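Take a look at the structures below.
Here come two complexes built around chain A, the first alongside chain B, the second alongside chain C.
Then we have the complex of A and B:
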């Protein structure tokens, strides 16, 4: 699908969101799946309130805080990368993307440590309903973080080779939009699974 | 967004619970989500159909989660 977004002069609104329109259709499909997941979690909890509240207390909120801050920060770095390429600064764009990837690595490391802790305690998908949702929801999101990092790495590689310019940087905006979606989903997942009871 | 995240974390850390608290935490999350959509994704510079999907996405699960938590309380 061809790019439909052009950067308009200040003050003018665009007809389409930044990036390739195909990624937005993909993003909406992904968001719909996560919405179903969230609603299913909430309605399953409705019939198991005590169980969900009890085991939610066992989760590591410090790790979740670090991960939330990591994703918000990485999203900000990606915004800076897009701003840089819109000014034609490819190498600055690459640096911001690498910084965002660094935050992604931090997220994966912290989440992996959390999983390691759970698995060493004998917790798995069949432990109870809460852990079934917690593990499947967070792992599904974990896979999206990896996917987002692969996309950002590919964009950074192309930017490093001078593959984007002021006139043609749809690829950077496309990767950025996907990464923001990953952040967006976590911003709902974090309070729902770790805090709300 | 960082400040709102720290508020959410503090509520969890303090073990505050109850329907009002839970829905307040959810509201903070929806506000953060709106900020991501509007300013990071750049949808505040878009007109027409494509301006709204993220907002609608936030409201839909937000509403369903609210209903589930209210029913769980009752």
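Then we have the complex of A and C:
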């Protein structure tokens, strides 16, 4: 609980976990939500294997692959942003964060196109269990990408003002930790929903 | 008390406690009617007693929230309240509306009340918890707007803190969602669908923000832990409360005629609703353990910790008990629901209002920091009497509920409703007994405001 009770933690260069401990509690809670969602998906699929396999074929796996690459790349950019601020290079940190945000925009665009395709085909939450899960899970994740982008944007703004330094850059690590969580969840979601059958 | 205008909180708190007494008396009347069906019939029929019991609760909690806001917003904003006079005017309007409404419930048949108040012009009456005449509802909206204007202007001209912003967000949400009580479609499914936007999104959405903000305020005051630390927790807790609570509305949408996906959404998201309450418990104990001072108002600390524990048990655990759709298939609308309702309302909202009253009232009454030791001892007795009584009420209703579900819905040859009610009467008697203990606790609570006033203020007991 040190990070939660200290307002200005010292010696944070090699602190573990990186970022504010509060974000880790939040990340754990978020992971719990997704874990329950994934488990429910798995159990429902177990009872409807054929249905799930059949409709999984209708998903655009290429789009999902592009999105997977976009998120992994964005995570790399975020890592570079953290590395930059650890050396005190605020403006370089901002640039890497903007690059990560760009990847986030790409993700949202590709995903929106996918949704547009589904909705124009008349698919909705009541079509069948597979689509119910597919739409719910991906949309819930979609909202998290937006949330992550808001956090990264806030961090980038503060970094541009020179709000972080070698000694104090907890905020950057905090934002980065959250973004990696968003990425991690997609790395489970992608094979689970799009690929596995 | 740092600002003169904080004094307007006092009448709100007193009225809240008055309506609390009314609520408990009618609870006891209803509790007895469960087993002695014609008790006080035809003067006070069961449905009327129930309306008074639930409506009085809602109104006194709102009174408490408003009092809390008028107390803590000036202190947080570090400025006087925008308009203390407006706060007093709205207090009297609100109290008059509440008293007239309850009198209406008690003096004339409900259908006549509907006629008298012109319900046909804009029909909003006749729905559980939203039974108030349309004109009362309009009054509530006017009071809420004046209140939010007053508090909002104070926040705008003063210091903006996380506690103020979260509280304000909760209060605005409360007012906006109440507007759905005016939407009364003839389609029953749509009616229920939006009815929950008031009922659920209040208690499992925006009210949690209010609860979190008040708890954070009191914890800052009594523990002296850094504001930054407490605000961080507050943000995480409310974020979790909203993530789980908003879509968690789905746990009311099982089998009422809405699309099937709500079974999944409702089950998954509401399964997570205990999380923010659990965090709140960890948060409260953590802050008190790391306190930088021993506050002389030990009663307030006790209420704060009690809120965190009982909210988790009542809202979190007892809510989870019947929130998954396969479970709710059996428990829907049984005494299990009543058990959850009692402990969650008490644990989360009654206790948080009593927490802020416990903290603020001695200051509003001219004490420097805390009431006398004697008053506090009485107050702490009332804490334990009421809390333990509520735990027993919950246990007895849970037992009644389990039996009811089994006999009425699980057995090979399910038994009729009224027959089952007779079978579980023992638990209703026990519940009534626990209710009497609760009333004793409430009397002790009120006595704590009158006894020990001549004694010196409690001082810090050095920790051992």
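One rule holds in what follows: the second predicted complex is superposed on the first by the 182 of 197 C-alpha atoms of A that agree within 3 Å, B and C clash if a C-alpha of one lies under 4 Å from a C-alpha of the other, contacts with A are read in each partner's own complex, and residues count from 1 in each chain.
Assume a residue touches a chain if its C-beta (ideal position, glycine included) is under 8 Å from a C-beta of that chain, and two chains touch if they have at least 3 such contacts.
For clarity, every value in this text was computed on a predicted model and none was experimentally measured.
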| item | value |
| --- | --- |
| Dominant toucher of chain A (residue count), chain B or chain C | B |
| Chain B versus chain C as contact partner of A:29, first or second or both or neither | second |
| Which of chain B and chain C A:125 touches, first, second, both or neither | second |
| Touched partner set for A:136, first chain B, second chain C, both or neither | second |
| Partner chain in contact with A:72 - chain B first, chain C second, else both or neither | first |
| Contact residues common to both interfaces of chain A (with chain B and with chain C) | 32 |
| List of chain A residues in touch with chain C within their complex | 1, 4-5, 7, 20, 22, 25-26, 29-30, 32-33, 36-37, 40, 125-126, 132-133, 136 |
| Interface residues, chain C side, partner chain A - complex | 225-226, 228-229, 232-233, 235-236, 239-240, 243-244, 259-261, 264-265, 267-269, 271-272, 275, 279, 286, 290 |
| Complex contact set, residues of chain B against chain A | 1-2, 5-6, 8-9, 11-13, 15, 17, 22, 25-26, 28-30, 32-33, 36-37, 39-43, 45-48, 50, 53-54, 57-58, 60-61, 64-65, 68-69, 71-72 |
| Chain A residues touching chain B - in the complex, by the definition given at the top | 8, 13-18, 24, 28, 31-32, 34-35, 38-39, 42-43, 45-46, 49, 53, 57, 61, 64-65, 68-69, 72, 75-76, 78-79, 177, 180-181, 183-184, 187-188, 190-192, 194-197 |
